[in-house]
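Look at the two complexes coming up: chain A is in both, with chain B in one and chain C in the other.
Now for the complex of A and B:
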């Protein structure tokens, strides 16, 4: 193995196919997005260079701030909901004494395999003005009837909940797999030392799942920033663009106003935001060893 | 050395196999995608274009032309089916391959244009015509219009609809001047001892009565931006006849007193409960169902809804002149309608393998659409004088409209006829905000002012 790893040609040949695909289908399009964001391209004709105009317009657009606020709310809601419930459910069904584990494992995962459109139609029927939820309040004699999807402030939370409900099962599956990889010896040792179940999970399970959580966090937060489908189906971005995100801004500018340049400026900001989030998460979840090495290097420099 | 050579050789083989594998996979995927997408619109176009090229190139007989048009309800299905039947007789060698138009403000068509997959014939709105003109993806039809006698058949009132801003014909319009009508359920008004509202005070009274009975005063399908823009326009035209058309053309400003007053009036009506609470998330089917089932007393839609409304409600449905601020304004406003014609219709892809034939067929279909609309949809408001008569009597509402039309002095535009796409996007979303009751009239004015700047 060492011999192969020492052969630079072999390394190059092995990574070449993946690298070529990445460059062709990811890297070049991203560069194009940034390049076209400085033009007045309408998607069909030759673009003209307009400098920073699209960005200046974007940063003074009311909808830009609404979109960023929505992305933040969306990301926080789905992250908290998914990670919290996925952890609780995963730990619960990891207990071998529990009855109905198999059923629950499948039940939690079912929404993931459904199409987003199906899920949105389902929740749309529940949340509409005359929908199930409002009917339930009515039957219960409560006048707490809400315009769940038509409220300019509340709708984004409702949409985020729908997304979180659907994709919680995905994180649940990741955490279950993570828990399974933890040796049972650790729990046995903890039990011998008189550790309670809750404490054992707090001290063993959760710290050892750091890498899994890191991955979950990345998909939740970047998923929040890129959110589009749910708002497109449930509210159409309304009322009056109050459930817009940057992706929706891009879509609206490109396809409704034929202003691809402006839309791609929104897309560029979104790409930068996603990268920043990933950098921050990577920084937070740095290896302890790496941290120690950094500390040592700092001391050396100071000495 | 030998081992190194061998390992390099193995690596090369693996890499080559992977690449070949990728190549094959990609080819397979494309093939699969193409075969799967025969059901989808885009691939239909490609397949059809290829087929058309093949057929003309080899035999010169059977030609299949792809056509992208609406085919969703009776108002769009009946004319299309009729045109196809007629086409079989007039052009036996031509077959049409229908690609059903998506209700997406032209996004699908723009995407097809961007990828060079435009259908041979497509239904184009004013916005699309303007966009495709810049990229030379729409055919100039002046000669075809003349040679086929299309221009002679155009009603004088619709002459303008055929020409774009640059004086050329890019699409054959089949719809004539169209109007936003304020429908109402006569039976519900009678049951509740209500007169048809003429002023906003009357309307507020109706709202109060209907709401107290659990009836939605007016069912709006606010999920569609054009419907909310029309709701604003019917109020705006009571204050200034230009309505949203004047704003689109830049001959008026949203800060003009008339528009400010219109926004404030609409805000007041919304606050009183004119529309259902979830109006902005209600689609056409839901709103129409509410109206036709008697759950809602009023409805705003185009005159094309007359046929469906009459079929469902019979004599219990009618349309009213839009209420105004006072009796004098009401009387004066009877001559000012919201809605209007637009330079839109069947356009032709100049890069089509059979562009000349497609242009002829587009003109033929346009003519047949007009005939079908008159004969089977009882809608005389078409672009062409077809000389046809309806297969049965016109519905009462259409008769009333026909009697009113000679006195109409001004119309505005539907959103698909607006030429400024930024304004179009703005008025659709901002009017949606206004009818939601969660955005004030001041916010509406300020936001629209920002958008127009």
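Now for the complex of A and C:
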């Protein structure tokens, strides 16, 4: 049996296609990102090693700070918007007696399955000068009409909103799945003890969703760090580079200025930021788990 | 029999809020559907919000005949199908070897491929273009299919690994006793057992590939004959005297397959999409 399941040829045949494609089109590229970030590569000629020059240039580039600030704004806006709405909706809909639950779920989830370019193009039509939103204000008789994506201070918030609008349903579905896995007895017990519905959700649902919230946080925070598509389609990084992110810096440096080394340095910083965020979130949540374990142990001892 | 607790005022406010947000979530899409049937005059002046009447279905004819939509559609379809098929095959084989077969480096190999979960597509777009050029794939649909397979593999393998782990070892023992080769065992006994995972992954990878923009933009963005629908939609960008009706029609056509898939398999789509979140991190 051991020989049967240890058939060397079969193993090789089984793992080779996946490994070959992964190494060629995913693993080697990420290694190249880091390796070439230390060179003056221009995409055509042989790269020369330039040490930390790209990184030093990057850290003194004003756009680098704008980019990081934008990523932070983007991450905070989408995290707060999505987690807040998704939690409220998921809890409200978890009430099995509510009418139209199925319809609401579909309504929230449909933007998730659309292409990000369709969503961006749609919102660019809504937000444009003669677009739907300004028309609405006009009809309402308000002079709130403005160029939503043309203001260098507001544009990033508007862009983040478009992303949050599209992906709210995703976190909603995650939290709905999380709530489903909580046994109904818990709520029964809470009600018998005279606990109100709202309090029961605060004390039972939300703490038990810690694991789900961890995923949500990782997805939306790294989503903010990786933000690129919305900028690319809605504003093109403008006005005046005010909606740049690190990925957009890389895109701009490489495909507009052929300064690949510099662009890849920006990409490397982006990847490292993502890793750090994941580590920190995992650390924070692990801490909580451990605390809970300790708490449990203590209670057992006291009982 | 349990008595339903009294609904608080707060609960009613939440319910109303749910419905308002649903309208907010759907209306932009309905507006898109509506304006795909309108003329520019109607969109901007006479009827910006409401139901289109008469229906200007000629927008769809324009989109289909003038804006290369059939070509983009075909490209998207071929790329998506190619990606799904090859990813599923590779992931099935790889996960089987790393979960059930016996060899030394299997944990290391599995974790190595799992690194793919942490590689952002945004970061690798420049080297991917170079690799694709090096292999002479530029100008073919493989230039998209191979990178798409690579970015979906780690996730697919992780899902399959979980499923394979849950199958009892006795199945292979019995098959071995009966004289089946390892290949027969895999394809005739084990593979059918993980069909539910395959369905989920097919939906997930298909939607991913159908909607992918970041790599498509840099790999085939400048090759009109290979553009996929997400790129085709951007054709209208920056053209000020744009044909809005035609753009709306293109966007509706681009979203149609995803919406069809979702309306048939809504439960599976939701679980397929959210399983992605549950594995990340």
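Everything that follows uses one rule, which is that the second predicted complex is superposed on the first by the 257 of 303 C-alpha atoms of A that agree within 3 Å, B and C clash if a C-alpha of one lies under 4 Å from a C-alpha of the other, contacts with A are read in each partner's own complex, and residues count from 1 in each chain.
In the analysis below, contacts are C-beta pairs under 8 Å (C-beta built on N, C-alpha and C of every residue); 3 or more make two chains touch, one makes a residue touch a chain.
Worth saying up front: this structure is predicted, and the values here are computed from it rather than measured.
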item	value
Which superposed partner A:132 touches (first chain B, second chain C, both, neither)	second
Contacts of A:45 with chain B and chain C, given as first, second, both or neither	first
Dominant toucher of chain A (residue count), chain B or chain C	C
First (chain B), second (chain C), both or neither touched by A:250	second
Which superposed partner A:17 touches (first chain B, second chain C, both, neither)	both
Partner chain in contact with A:109 - chain B first, chain C second, else both or neither	second
Partner chain(s) touched by A:219 [first = chain B, second = chain C, both, neither]	second
Common interface positions of chain A, toward chain B and toward chain C	4, 7, 10, 13-14, 17, 21, 43, 124, 130, 255
Residue ranges of chain C touching chain A (in the complex, touch as defined)	2, 4-5, 7-8, 10-11, 14-15, 17-19, 21-22, 25-26, 28-29, 31-32, 35, 44, 48-49, 86, 89-91, 93-94, 96-98, 100-103, 109, 113, 115-116, 118-120, 122-128, 130-131, 135, 146-147, 149-151, 153-154, 157, 172-173, 176, 182-183, 207, 210-211, 213-214, 217-218, 229-231, 233-234, 236-237, 244, 247, 251, 254-255, 258-259, 261-262, 266, 269-271, 273-274, 277-278, 280-281
Parts of chain A lying in touch with chain B, wherever the complex brings them together	3-4, 7, 9-10, 13-14, 16-17, 21, 42-45, 62, 124, 128-130, 147, 149-152, 234-242, 252, 255-259
Interfacial residue positions of chain B with respect to chain A in the complex	3-4, 7-8, 11-12, 14-15, 18-19, 22, 104-105, 107, 110-111, 113-114, 127, 131-132, 134-135, 137, 222-223, 276-282, 421-422, 425, 429-430, 432-434, 436, 438-439, 447, 450
Chain A to chain C touching residues, read off their complex	1-2, 4-8, 10-11, 13-15, 17-19, 21-22, 24-30, 32-33, 36, 43, 85, 88-89, 91-93, 95, 97-98, 100, 103-118, 121-126, 130, 132, 135-136, 165, 168-170, 173-174, 177, 188, 191, 196-198, 214-216, 218-219, 222, 226, 228-229, 232-233, 247, 250-251, 254-255, 260, 263-264, 267-268, 270-271, 274-275, 278, 281-282
